[in-house]
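Take a look at the structure set out below.
The first chain written gets the first letter, and so on, giving A, B and C; residue counts start at 1 in each chain.
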């Protein structure tokens, strides 16, 4: 047997390896571990199945500007009449009276006939963009003032005004010339928006919130406490090993089973959404960045919550009772971060920082997400496609709900780093607290 | 017997190594250990004294118990009482101080609408009364409102109560005490069920009754008003009973399958809140409400909305689907519970 | 700085260098109170080498004493030193200590070998080393055959031996056994007793607690008696007994005619009581054992009594504890 130079580190990691290995084997023998992991997998799988089903079905196309309808009953859709300069509200005036007469076009030609072609990014100020693909604005019959209803001197364009309030809140305003980008393609937009919203929702609520809180709640609360109540802790503390070390290594053992689980689930999620998601390419490689952030944020959340719930378990026999209100608080904070990502109170939560990592990644991967949401909200400015009379396109509301900006006012990259550091500090603080509590605990 | 005994002793004693104070090493020690003596006797004494030949057989007298066994309901009432009184005083089933504290907090917090009704009646503020007074929506909200009642109060109460109610008995071996008495397993479980349900009813239904009563007293309501509102009050009570029954049966099923104290509680909470969150994601994202059928809370809320008569927030399917789903959940939970309890080994685990 | 990933080879140095001069156990004026109840009060004790039995009734403070020694609870007053180090503050001395807890609960899902080797690694042993050491100690307690069976399938005595094996795996200088014989069948009991005696012969400091006196008597003569948290007696069993001369002793004589024998014996000054426990027995109570023993043979021979046995039933731990704890009253 070869003799190795021995250092404190060698000796420490021998103990660490022993406890981590022990903890993993202990988890393996418990049915509840497999039930919890299995239920988590099933629940996420269920949502992914619904997602696949939604992505596989057609998004209903809506005639946002209402020009496919033949109001005067002369057989010509309004759009065709407008384009050719006849009166759409009089059956005495239609292109069939032209010489030579023009045949009516099918109504479907006037659905989704003028999609978005915005080529600006969200920045403060007034910008002009847009192009009238179907020609119902550029139509030569119109006068110059008819072509420029938003009065900026450029015919057939869209003005996008972005302003910031003194509190830093951004507000958007879209003023379009009549007939510009007025009937976008719902299927293309909603598919993309639903996909992005799904990735963000499943990442933030499904992974970071549900997995991030419930896995530690089930698996970390009893790491020390269960050993103490069952009396087996005596074996461990009668060894030349500090109690805070036991605390740490037990948590490491817990992470040893939780982290691989999260990584596997995250990779499965990335694969499914990458293949099934919208877009022309075979696989959405760009999304992988967001999935990476989701996996990473969930791992950090399970680390911090694991340390915390373990410490709560050490603190009190009924540590779970302390953990449950905290979990409810975190749920509230998660919802708050969707609406007001820069609220100060979020800085006192764990989930606020973890979600910031996902938000930052979304900002890096989808830099024009703001404009994309704006397009959907504006939705062509038409008469509206849903029962509330809002013109916004399907998918844009959930997308804007689940999208938020990292609230620190830093760049995406800097926010990620700050959030990671804060989470690490939180984990260390809870380790320290747990270690101190454990060290001062009299074990009978 | 004594002859055999005499034969074996010298065999051991001939080897000096086997004496108690002799150095015991390896193989020899093991032979001494696993050898022919029983091991417990003091060898130094047996060496000197001869084994005694005398023995006694004590006369045994068994007296059969001729008392009258109380009727079944009386025995069951004893179990129920044991569980219920434990909430209030010592000497009965110990529920744990934190649990009792939480029950008290929830009870007081559930009385907010009662307090507001009384306040509005006292100061005669009709604006305050229109917000807090008895109405369809407020009755619904008292029992089935999500935030905070069905997020922070009632599921947590159910989780804490079911947490140890069966699993703790198994862990401590106290279930053997029940089963060594003339009590069937069915009675045992149903009394546990009823006691947990009654404690929840104390919090949910009693406060609801107080709320209704406070409205009558503080606003001076007459018979006409009572006749008008009683059907919806009754519907609220029914939905409350349904809620208590569902939470209890799911919780007890979880309690019967697990050994620990934490697991049933957390599992009940994660079922109630987890399915809710998942269904919320799906309905928001994809505009599909189908997943609500898996969430006990949403099914209860849907059925409650239908029978109380408030504006339904689930509009993609009929409330009878929710009722069917609730029936299925309860049936599954009760099946698990009964099969687990009837096959439960009465041992200390 | 490189982590020891492969976990092979032999651990070399110890992180903690013990104070060679310090005794294994040193307690100075140690008290432990729970509110107004003293579980231990003012115990001063130094132990080094040999097997020592800690005796006391249930609740006498034996487990509290061990919990203090194992750093599980904090003393209210006084100082505790294991090899010169306070175990509550620093767990390092446990590298030289083996502890057998009283609790029954073990990791039922582990094999005996797995259990022993896993916890051996907490002493800083490598995986290889721990495996070899586990084999050694399991052989020592006679569990080699079942080393790879689950602890859950073990009998009480086997579990107790697994616990002892786990405590011996780091070759400790101090071994503390909390009620190691509790609930074992006679076979297991003898094995465990032999193991303990052997450890004492190897020069280790062994601390055994029990409330069953015959057990301790068979293991050791060096005892510590605790009662209601106080140190009642300390030292050799027989010398303790001799120091208690003012406490009445009992001599039991079996004779053919106990009444006649009693009539003759009552004349001796030192005898202050005679009773007939039944059968052919006479029980004499005295303060001066030596005087009785010097005069008794003469009386018996002179009066031609037929005596089949003379016994000092008090000379065991049970009666000592009885005397001491009842404050001298019989």
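Going forward, a contact is a pair of C-beta atoms (placed from the backbone, for glycine too) under 8 Å apart; a residue touches a chain by one contact, two chains touch by 3 or more.
All values reported here derive from a predicted model rather than from experimental measurement.
Asker: So which chain ends up closest to the centre of the protein, judged by Cα positions averaged per chain?
Answerer: Most central by this criterion: B.
Asker: Quick one: which chain's Cα centre is the longest way from chain A's?
Answerer: Chain centre farthest from chain A's centre: C.
Asker: Express in whole angstrom the distance between the two chain centres, defined as the mean CA positions of chain A and chain B.
Answerer: 38
Asker: I'd like the Å distance between the centres of chain A and chain C, where a centre is the mean of that chain's Cα atoms.
Answerer: Computed value for the inter-centroid distance: 65 Å.
Asker: Based only on mean CA positions, could you tell me how far chain B sits from chain C in angstrom?
Answerer: 43
Asker: Could you check chain C for residues that touch two or more other chains and list them?
Answerer: Residues of chain C never touch two or more of the other chains.
Asker: Using the touch definition from the top, list the residues of chain C that touch chain A in their complex.
Answerer: Within the complex, chain C contacts chain A at residues 1-4, 7-13, 15-16, 67, 70-74, 91-95, 97, 99, 101, 103-107, 109-110, 114, 118-119, 121-130, 166-167.
Asker: Can you list the residues on chain B that touch chain A in the complex?
Answerer: 96, 98-99, 102, 151-152, 156, 159-160, 258, 260, 262-263, 265-267, 269-270, 273-275, 277-278, 280-282, 284-288, 290-291, 294
Asker: Which residues of chain A touch chain C in the complex?
Answerer: Contacts found on chain A: 1-11, 13-15, 17-19, 21-22, 25-26, 29, 230-232, 234-243, 440, 442-444.
Asker: Which positions of chain A touch chain B when the two form their complex?
Answerer: Within the complex, chain A touches chain B at residues 32, 39, 43, 46-47, 50-51, 54, 194, 197-198, 201-202, 205-206, 209-210, 214, 217-218, 221-222, 226, 316, 318, 320-321, 324-325, 328, 331, 394, 398, 401-402.
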